[in-house]
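Before anything else, here is the set of structures, which you'll find just below.
Below are two complexes that have chain A in common, paired first with chain B and then with chain C.
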Partner chain A sequence: MRMRDTRRSGSYAAFKIMLALLAAALAFPLTAFSAGGEIRTDTENCLICHRYPGMGRFDEAGVKRIYYINEMKFANSVHGKLKCTNCHVGLDKIPHTDIRKVDCTTQCHLKEPSTEREFSHTNMVEKYNHSVHGNSDPNNPKPFPEDLPTCTYCHDNSIRSPLEGVWGTSQALANETLSRCVGCHTKDHWAQNYYLHVTHRMRHLRSQAEIIKLCTSCHEDSEKMSRHGLDSIATFKDTFHWNLVKFKVKDAPDCISCHVPIGFTTHDIRPKYDQASSVNKRNRVNTCSNQGGIQSCHPGATDDFAGGRVHAYGTKAQLVVDGAQSIAVEADESLLSERARRDMSEREIMNFKILSYIRLFYKILIPMVIGFMVCHQTLDLLATLRKNRHNSH
Partner chain B sequence: MLLGLTVVWTVMIWNLTFAHLYKGDSHEVQTAKDPGREQPKPVEGKAAFQKQILDSEKTVKLYLGYQVLEQKQLLGHFHIVDIQLKPDTRNYCISCHGDIPHDKFKDLRAFGNMHASFIACQTCHIRLEGDQATHIFKWYDRATGQIVPSPVKDGALPGTYNAKIIPFERVDGALQRIDSQARIDFAAEYRKQEQSLSEVQKSKAKKIIHQQVSKQPYMCESCHVQQGSLLPFEELGYSKQRIDAFVGTEVIGMIKNYTQFYLPHILEPGIGSHEPEKKVQ
Partner chain C sequence: MEKQFTIKIKNGRKYFYRFSLNQRFQHIFLFSTVITLVLTGMPLKFYDTRWAKPLYAIFGGINYTPVVHKVAGVLLLMLFVYHIGYLIYNFTVDEVKPLKAAGRLNLPSLLQAIMRQPMMPQWRDAKEILQLMKYLFFLTPERVAGDKYTWKEKFDYWAPFWGIVIIGSSGLIRWQKELFSHLFSGELINYAVIAHGDEALLAALFLFIWHFYNVHLSTMVFPMGTVFLTGYLSEEMMIHEHYGQYVEVMKQAGLEREIQPLPGSGDQHRARGPETAAPVGY
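What follows is the complex of A and B.
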């Protein structure tokens, strides 16, 4: 559970049990629905075969491919209203001949109510392609495009979640709200779907730990990162913010907190030199304070405060200070050293040097102090032993 | 002596305090070597095994607000499948062939594997004839191996049972399940000693293991027929409505689509020289 959402009193366990019970009740209509063996979404009867868990094979690369669909899970998922062939275009012949990879920009024959146009994820994908993770320009492709995350790298067909909240238990809230809806919207199922569609978006779906796991799954790989001129996430793991996350402090900042604050979207994360980036100098005060968000972290943030360094110094600082020879012969020509020279101001280089000296000083001081202490204590112990032996003779 | 002690202490303290920092630093410097040039290396050896075989299933956590569900997710699978089947501990065919054994025939392999999760291999691959044929089939529990009452209750989702159908044979007049303890032990013993056997011995053992395995397994129509099906569906607990569904025109029509271009292959287990790929269950 995402920690920042856990704004609740001490009776947490009781609350959880209640929620679980009520959620089970919420799920009941769906259970009842599929008990007959028929499912609402599967008008094409794909599940006649695909509801069997063993349906699958090993593919040519030796990867286990399972063609099973759990009908309950699917019906409760964000795509639960769609027909299989809405996404799996062309899979309507038996045996299946025309098998294509699913394209998330496919128009899925639903009307998007705000524009009345056919719905698709095209606009999301376009936005994403222009973000730091996207590969927008076919004429000027990014190097190592295979490193970039695709839709399904981050997304699975997630299960819609009811609202957990400050107003009361999830089910009580659903009951009260839905009772106001179903007067006009007479199809219960439709109203429930709509309600879940909204509540699903009312909180973060991933916990801090999950967010960090997802982002670090790439950003931890220093080899991969340096290919793109980036420091690895080790620079975050050397900070106070990370320690808060590590020790599971409530409301601690994960990657999303700063890189996607209020007013920004995960699909449009930009590099820091881009003025549209949340961590661009222009936007830093807003990002640190996150005014208007559920959680404003540093409400009194000033330019000076927000202008400071957030991640620790990493390979880039080292490249600039120690020079390329400490790292690799030709490294000075690489993207990483190019970026390093751009990113490290005189002042930052100075700071890094001071920090290095302080670190070195302690690296020497502490072992010496402790070493001498141990030595002293040992000598003292030996002396006492000798004196005792002397006295007893 | 004292000096030695001091040195040991100092080294120990160093290791406990700052050594990791130092190591961390130098490690990072190394990995930054010649960035921008290095191509991602293909996974090799042990790493590849780990990646392809052991990591192909992962667990995902679903944060439903009221509870955290931890579910088995298949790598690269967009849908949350949450397969709850327990591993089959009884079936010895699986110990060599894996629980997704069908591979060769494109149109049928997925169906073969689909049935293999609730029908024991022997049901299709062994033809009991004459005296041996008992026409008795029962369900056994995947986890315990024991014969259990039919798991097919009205409303239970098809194929998601933690049990499988196994045939019974008649040996010297007595009823006995076909996966007898003796056969299980033989296969287990073979696997244990495989390394030390000669090719001739191996081939002989494999022949014994596959002795009953028919060259021609039962095909789809042996079961999916209105009259005279191999399986006694009612005894196995299927409702009339279910039976009508899977011997009905929709299923049979589809089976025709899949099998019309299919010429039965004569399987010759235990004779050829190629080994099936061993698969992790």
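What follows is the complex of A and C.
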């Protein structure tokens, strides 16, 4: 009897190792993380069907939907501890004809430890709805609400970052820290999850270039922006800040460096005329000079410094200078010119004009000088050739 | 100042003294810093191009290239300050002191003295340009009889002079933007960003198209003129570019009989017309 038990547990161990190896091969970046961790059991048996990579369909709109779930990836994602039905409410029938869209404010039966109540993202969603990206005011609804980003637009919930990159960049350091946790908290997987949960909030998960890519995926679309009365953010790519990002300077300023500086949250970005905005005139010096004492890019910044233009001027400035008459009177464009008149102060317009004149000055001067030089040198060469011919006679 | 012969004869060929050691040193200092500045600055202006990053990497990438750029910039500005001092010193010794000794030191005479300075643009330069145009457009076979400093040298001088003022000041503003915002409005930084890059582009194109052609690629000097190292210019180049000075110097040296005619002209640079042209071999 004892013999059989040993053999059984031995084969189970071998199975575990094999599974671990298979998982390692499937999810290479996760290997460090999953090694030694436990694999969550699929208590709802969703993976009976959803484990097949080919599972999916084209929906009524012709959009490809993939229903495949990679168990390892899911287990290591931020929601890895949840059951599928915690978020996907309904789903009592097969096939799932009673499906409802996932709502991030759903209470998901996890206990939030500080209140011991069921956890949900309601707080964040409420904050978000009052932000510049939300649509909370029923008296003043935003046009084209379908353009506004949803939770999942930014939170694509890729796997948690590897353990490295918190205090320094080495995984060894993370392992060192963790080795102290697991002394008391004996479940490795739990300790890792906890560690990641905390450290997740202590770093940027996206690189500067990735953040800019995310924001510009909407804000660079000039058509979409103009129907909301906004300049296209191509104006950022005309700045020295963007140069720094391009050359991968450490702490190079991306969108959130100024729009969500330390002490602010991404979910609560406000328009610049709102006094709660980090780029509002009141807060701008602090944003440039001293972000809660943690990061200070321009320590000696003054009001005048912060009054300079960070983005290049875009369509708005152009609209005000050209006069609204010359602009096509489409609905979205008129919103843009209306906003332009509101946002562009006399001083800004003058600044824009001076900048344009400087640009124009060089636009004329450079071709003139270069053109003159090229002509002169060509003629000089011709004259030399002519002279040589003349001399050889 | 070091003693130099106005004409030096080597292997039977005449060489004419043009630039003092001090001036040559200033020039070498100038072009070393400017080339460094162009190489370390242009990758930032054209960061999207293919050559930007490798070129940047040569100077140590983003961590070091800006430092190299700033060091070179400061050196260039120091040269500029030195040059202004050099001008003031020479002007005092050559013009102010003799005027003082003669008791004629007043504003009009000082202004006249300033206008006499070799690099000041003069009415003659406009006439020379007109004459050159005629020559280049096949209207006359006669080249301009240039003096010691022709309009070309003046162009070569004032272009970087103006460039250093604009690029230097805008560069300092960009570098010490917080400090300058204590003195000026923040928009000045915006202007400085544009002016610095565009003026630098103009300067670089000017140097590589205009000056490089004149001193490296032109058929007269290819592959490289040596006057910037030796201080002496060959007789052919003197005739070609500075005939006025050439004649004067030859006369002073008592070599009047050996004066070569201006190419394209008659027996002397007065007569004209292709039918009377004396062939001159180069």
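Everything below uses one rule, namely that the second predicted complex is superposed on the first by the 320 of 393 C-alpha atoms of A that agree within 3 Å, B and C clash if a C-alpha of one lies under 4 Å from a C-alpha of the other, contacts with A are read in each partner's own complex, and residues count from 1 in each chain.
As a convention for this text, a contact is a pair of C-beta atoms (placed from the backbone, for glycine too) under 8 Å apart; a residue touches a chain by one contact, two chains touch by 3 or more.
Everything quoted here is computed from the prediction, not taken from an experiment.
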item	value
Chain C versus chain B on the shared chain A, clash or fit after superposition	fit
Which of chain B and chain C A:G308 touches, first, second, both or neither	second
Winner by number of chain A residues touched, once chain B and chain C are compared	B
Which of chain B and chain C A:I366 touches, first, second, both or neither	both
Touched partner set for A:G183, first chain B, second chain C, both or neither	neither
Partner chain in contact with A:D380 - chain B first, chain C second, else both or neither	second
Contacts of A:P299 with chain B and chain C, given as first, second, both or neither	second
First (chain B), second (chain C), both or neither touched by A:K73	first
First (chain B), second (chain C), both or neither touched by A:P113	neither
Touching partner for A:K64 - first (chain B), second (chain C), both, neither	first
Minimum Cα separation, chain C to chain B, after superposition on A (Å)	9
Intersection of the chain A residues that touch chain B with those that touch chain C	359, 362, 366, 370, 374, 379, 382
Residues of chain A defined as touching chain C within the complex	240, 243-244, 246-249, 298-302, 304-309, 351, 354-355, 358-359, 362, 365-366, 369-370, 373-374, 376-377, 379-384, 386-388, 390-391, 393
Parts of chain C lying in touch with chain A, wherever the complex brings them together	44, 47-48, 53, 56, 61-62, 135-138, 141, 174, 177-179, 181-182, 184-191, 193-195, 198-199, 201-202, 205-206, 209-210, 213, 218-220, 263-264, 274, 277, 279-282
Chain A residues within the chain B interface of the complex	1-2, 16, 19-20, 22-23, 35-37, 45, 48-49, 51-58, 61-64, 66-71, 73-74, 77, 94-95, 102, 143-144, 146-147, 152, 155-159, 161-164, 170, 203, 205-207, 210, 222-224, 226-227, 229, 232, 234, 314-315, 318-319, 326-331, 334-336, 359, 362-363, 366-367, 370-371, 374-375, 378-379, 382
Chain B residues touching chain A - in the complex, by the definition given at the top	2, 5-6, 9-10, 13-14, 17-18, 21-22, 24-25, 28-29, 31-38, 40, 52-53, 56-57, 60-69, 73-83, 85, 99-100, 102-103, 107, 109-111, 113-118, 155, 157-160, 250-251, 254, 257-258, 277, 279
